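Chain nomenclature is as follows: A, B, C, D and E, assigned in order of appearance, with residue numbering initiated at 1 for each chain independently.
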Amino acid sequence: MSVGGLLVAVLQQVIDGVFLGLFYAIVASGLALIFGVMDIINFAHGDLVMISAYFVWLISTYLNIDPLLSMLLVLPVLFVLGLAIQKGLINPVLGKEPLIQIAVTVGLGFVLQNIALGYFKAEPRGYPNPVFSEGLSIGPFVIYESKLLSAAVSVLVLFLLDQFLSRTRLGLAMRAVTDDRSSAMLMGINVERVYLLTFAIGMVLVGVASGLWMEMGQVWPYLGTSFSLVSWVAVALAGLGSIRGLAVSAVIIGIAESMGSLISPSVKMAVVYLIFFFILWFKPRGFFAKR
Amino acid sequence: MASKPSRTPLIIAIVVIVAIVAAALGYYIYTSKPAATPSPSPTPTKVKIEKVVIGVVQPLTGPYAIFGREAVDAARLVVDIINNELGGVRSLGGAKLDIVVEDAGTSPESARLAAEKLISQYHVPIIYGAYISRFTMAMGTVTEQNKVILVTDALVDDLANQGWMYFFRVAPRASAHGVSAVDFVMDMAKKYNVTIRTAVIINEDSVFGTTVSNGAHLQLVKYGVEVSSHITYPYDITDMSPIIDQIKRLNPDIIIAVPYFSDGVLFAKTAKAAGLNPKFIAGAGACGFTDPDSIKAAGDAVLYYTNTYSYNPAKPTEWNSKLVSEFMRRYGKMPTEAAGEVFYSFFTIYEALEKAGQMFPDDPLNPDHLRQAFLSLDLNESNSIAAQLYPTGRIKFAPNGENLYAGTAVLQVQLINGTLTPVVVWPQPQEGVQPVFPRPGS
Amino acid sequence: MSAPDVVLRVENVTKRFGGVVALNDVTLSVGRGEIVGLIGPNGSGKTTLFNCITGVYKPDKGRVFFMGRDITGLQPHEVAKLGIARTWQKVRPFRNLTVLEAVTTGALLRTDSVEEARKTAVEVLELIGLPREEWGRLGSEITLMEHKLVDLARALATGPKLLLLDEIAAGLRPHEQERLAEVIKKVWSDRGLTIVVVEHVMRFVMSLSKRVVVLHEGRVIAEGPPEEVASNPRVIEAYLGIKPV
Amino acid sequence: MTRLLELRRVNAGYGEFKVLHDVSLYVDKGEIVAVVGPNGAGKTTLLRTIMGYTTLYSGSVVFKSADISGKRVHERVALGLTMVPEGRGIFPNLTVEENLLAGAYLERDKSKVRERLELVYSIFPRLKERRGQLAGSLSGGEAQMLALGRGLMTSPELLLVDEMSLGLAPKVVLALFDLVVKLNKEYGLTMLVVEQHVKNALEISSRGYVLENGRVVLEGDGRSLLSNEMLKKAYLIY
Amino acid sequence: MTRSTLLSIALFQAALLAVGFLVSGNNYYMLLLTQVALFAAFVAAWNIIGGLTGQLDLASSAYMALGGIVTSLLWMRLGLPPVVGVWVGGAVAAGLAVLIGIPTFRFGVREVWYALMTASLVVILNNLFRYFMGPWDFYLPNKWGWLYLRPRTYFELFIIVDVVLLAVILVNIYISGSKIGYYLRNIKEDELVSEAVGVDTRLYKLIALAIYSFITGAAGFLQVVIYSSFSYRLFDAGLAISIAIMGIIGGLGSISGAIAAAVVFRALGEYLRSTLGGVIPGLDLLLYGVALIVVGILKPEGLAGLFNQLRRWWRK
């Protein structure tokens, strides 16, 4: 390959990686929010994305509307589901040993995967003709509409989330609880209620991620495992408390994964996880943590 | 607590342990000699055989459950037809077939356990399974040891090279899929006067995907086509764009793709979005292109994609049409190759049982007798149902258990009456259908 | 004091946390066989000083010498191995170990044999006077006083030359404090130890030591016999409040 | 004078570890009451018990003539009770202004929040200067001001202040004491303070309690306590 | 070792062997029993790092696969019989563990981050092995015998696994009663206090990691024997998590609880798979998930807590 060709190749991968990373940012945002506020180790995060993607698919095919639209219908369902999961499963293990939390959330993941398998079967389910399915050719580069869209929506939602966290009463309360749970109570903040809403809002973010995913791909019962670890890596890289940091971290991961593809798509995840190792060794609090 | 423990309990405990181990070993050595080969002769000679139980091991859970489920459905259908319409195995006095299903789970370990269970609990003489090659490999060590016939729908070539005595495979092996895909493309290129110089191969990186793609690679080299790149990726890939971008830069004449399932859909969608439009995209063993559920998920992104198929659902034989329509009536969908493999494999088992009944009326289910019955089969469309169901129309086993006349069909997704439908285009196109080659607009 | 008699010497130690200066150029010496009281109001840097001595923190400036050897920046376990043991201000409960096990762990510093360590632990526990029936209890099942005693025993079991007691009497009732002081005196004379006692309240220190050092805002503000220090106006001010300027 | 807070024979602690024994005390409206005592005496536990963080074994906490023993922390805050915790407990990743706004969490009326914010800024002009800064970057004195200001934002009827002067320079401490007096005199805020600067604390207080080993050993008005020998004994050696 | 521990080991062994024989005629139960025992051995080995030391290690299958593959390759490529090879396999696994453990403990990676780090180690090795060795299954040579730790009958295999399990239990008990065990349990309680009484916490965490990974790596070959082949898929993140979860459900640090959990859950899983797997797909794993949730929420101190309750109740 010529130097110019290589440059084009690398640049194209960077573009793909940025878009992928912004999508990862929205996937990880729910996890980051929940982990930050509640300190719960959720190993079922990817599976929540998966189950929500099935909801999106159901509505899309039933009403024959674009996944992005059906996502909007799914969000309230997820909000309620989030309340239920928090109340029933997460609350009892808050503050317990991390391993117990892992056990319970892994159990939840099993349950979700196998409900999906039993109900939707193992075939991949996707919406055949989403509105944004073309690609734009700009010079030697290809920009995928769906990825561009998902990146844009992701940026928008993350911006809204950032605004929500900094401007609204509830957002402020959530950040206060993240920083100092016991002081937050002294402000009259009902911490348990904040937990409930946090999980529910986390689930809404999960819903957005799943809607964007369905615009690009399909869902199958084991889709979630692909997202769980990546989200954790993003959170580790970003540290807690910064949405912007999370976005930048996720983009770094996206680019790393995309570059890894140039070596071999089979080992791209190894590249991402090696980065994870080095982060933990040399920057255990993450690059963007405010503390 | 605290003070030094006395030695007595230690000694007692050791003595007890040693005694138990010794007793266990002694008993075991004493009893194992006669029972070393717990010979599965559940059907004493000259006793009328009521039914023959066939074990089915398929992955019903985990990521491979898609085809396992369908295979089990198909097996129930075939067994019902044999029992009700054909009156069971006539040479065994109309003995009925029965199946016992075991989930192969998600690992070779559980597949092996499933096989062990079928043999130990149900004393099955024949096991069918288990689609995933490494599951079958784990089962093969068990079936060989216990002298149980293993008929497999797993396609990896290696399975037939293990020196197994009781192993049979009707379905076309993996590399044959790769070869067929290339043969088909080159055949078409010649027919429609299209020049093909370069190709890119991409495959999911399982043993199956790799074997198929290697078969294709060698065949391409044989035809003098330059393989500009051979890309592998994991089956659960969630982002295809880096790969598609690479291919786009290489700009090959054709792409031979060996995806698993969702990756196939993802490939097609991303390729469409990127405007990747080579002269042809041919799948090999690629369910993700032509499976009805995939078409539903991918929409017209997979239009004109082809795929090699272990089974030809459009084969215009009496029994094939019958089974396809029965299957559709019962399960509401077209049979894919998982079902197809069951169709011809089970009818081959049925023929072998008939043969065993004729050759060894005294002890037809003896494993060695069964093996001889299998080896003596020479089936064609006029003398058997099984061959009517098989793409090449002939079944005859080599000593290693491989079908000498193995071959695949090629399906193409075409727009028929406004619906995307997989139709057979090769070796002979099905009625009223012409292959579309090269891709329009390429 | 001649050098060989100095067990511990802290020289110009400074430690900052962010913008807060926890220790500001602290210098002090502890002679062999002394019991030195280190007092000062909350937040005056006493515990930080202990942490700098025992290697939990590395001082930003200054050095720490133990028996003439520079131990600045050593790992806590290396410091312990050299012969400095400590107790903890906040009770750090061991929930799943028994009292005897906890103390035995301390004793394992000087031996690899659990049997031998257990013997040492038994000796120490007897010396401290913790009743035998408590030895099998888990850390989650004992009282605060017992915790303090076990903490002391565990430190003693490591066979130290210098013992650092961090607010060991905090939270105890007067009669318990008296008993604890007795135990410490007994241990001191029995083992020939050098002890530094950090206390918030001087009363407890009074009965033990001949010399106290007063820390305030990270500096040594007074040093001398307890009676003298207690009447030092700077000390009183530090404790009771600040005169309006 | 109306009785704002009363503790009746309170026994409380953490889990199975009892810290407070039969503690009774009261605070009247408009008072500053000081609680002093040596380390580990249970002063912080006392405040945490009033707020509802601890386990109450027996006795009752009465606020504005209602028994609030069963109420949770945030419910007590809603009744007009809050605490400035030891170590300040500010939210380091929030800006100064956000910290203050968090204090007004229960107030939904935006204009009232604004009013309170202006009030706090007028009391602590320093905070106004730093409004956009992350609270984690404040100096110790500023952080304590923020903690006090944040406490005021909840618009409390009774403010509990725990070890306000911990780790602060004398000048800053004096300024803080002045502020406390000002809050009490000018804004009529009732306060219960736990303080190690005993003298200053008792001087500004109308009454004081001396806590030792989880028990009230002395009580009385500030000045008489200050001259009490027992107090000195509790602290030093006389 | 106390009288009661000895007795319970003897009883456990007697029971295990008795079951072994009762089912020795039925290959299915024999293989199942062997697998359960091997799984229990992995869980018991994990107990050293997870239960005793309190480190949330999720890399069990990485060491298992590495040890197993190294042993197999030594046999297939260099002709080194596995009886010898397993020691090398264990040593390689331990070597890798220590290599990664040094910076990890040096930089104080702990709790959830340690868990995620070890979990991603499995994925990294999985990917690397796939990259360098391809997707292939490598089959063990057709040689059988004790020299290869690969007997012809399941009963003999069961005996080998049982010996391994017994050895792991004894190692656990030995460690618990030794200086290392005292130190490890103290590290689990409080690292700072441990340091202050002279425990080199990093060193002892490394020792625990090394012992655990060595045993896991050495026993890994038996897993390969059961599969009779190996591939990169042996690096199985799900398996590693379930091994750790058994340790948790068993009650951290309790060897009897860990083994009980391994036996109960593994046998339950197989029972569910064989009875329900064919009826409704995934129902078995779904129930398994439910069981995890229920135990996690209702009995977080694990089966050991249940045992203790029973014991107290028995004594009354």
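Here is the rule we use: contacts are C-beta pairs under 8 Å (C-beta built on N, C-alpha and C of every residue); 3 or more make two chains touch, one makes a residue touch a chain.
Note that the structure is predicted; figures quoted are calculated from it, not measured.
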{"item": "Path length in steps (a step moves to a chain that is touched) from chain D to chain E", "value": "2"}
{"item": "Chain separated most widely from chain D, comparing mean CA positions", "value": "B"}
{"item": "Where chain A and chain D are represented by their mean Cα positions, the distance between them in whole Å", "value": "42"}
{"item": "Approximate Å spacing (C-alpha centroids) for the pair chain B, chain C", "value": "73"}
{"item": "Centre-to-centre distance between chain D and chain B (centres being mean Cα positions), rounded to whole Å", "value": "75"}
{"item": "Computed distance of Cα centres, chain C from chain A, in Å", "value": "49"}
{"item": "Shared-contact residues (touching 2 or more other chains) in chain E", "value": "130, 281-282, 285"}
{"item": "Residue list for chain D, restricted to those that touch at least two other chains", "value": "none"}
{"item": "In chain C, residues with contacts to at least two other chains", "value": "none"}
{"item": "For the chain E and chain A complex, residues of the former touching the latter", "value": "50, 56, 100, 103-104, 106-109, 111-113, 115-117, 119-121, 123-124, 127-128, 130-131, 241, 244-245, 247-249, 252, 280-283, 285-286, 288-293, 295-297, 300"}
{"item": "Residue numbers on chain B that touch chain A, as the complex places them", "value": "61-66, 69, 205, 231-234, 236-239, 241-246, 248-249, 261-262, 265-266, 269-270, 272-275, 288, 291, 293-294, 296-301"}
{"item": "Touching residues on chain E, where the partner in the complex is chain C", "value": "177-179, 182-183, 185-186, 188-190, 192-201, 253"}
{"item": "Contacting residues of chain B [partner chain E, same complex]", "value": "1, 5-6, 9-10, 12-13, 16-17, 20-21, 24-25, 27-28, 31-32, 35-36, 38, 60-61, 65, 69, 72, 101-103, 105, 107-110, 112-114, 116-117, 119-121, 133-134, 137-138, 141-142, 146, 158, 162-163, 205-207, 209-210"}
{"item": "Chain E residues touching chain B - in the complex, by the definition given at the top", "value": "1-3, 6-7, 9-10, 13-14, 17-18, 20-21, 24-29, 31-32, 35, 130, 134-137, 139, 142, 153, 155, 159, 226-229, 231, 233, 236, 270, 273-274, 277-278, 281-282, 284-285"}
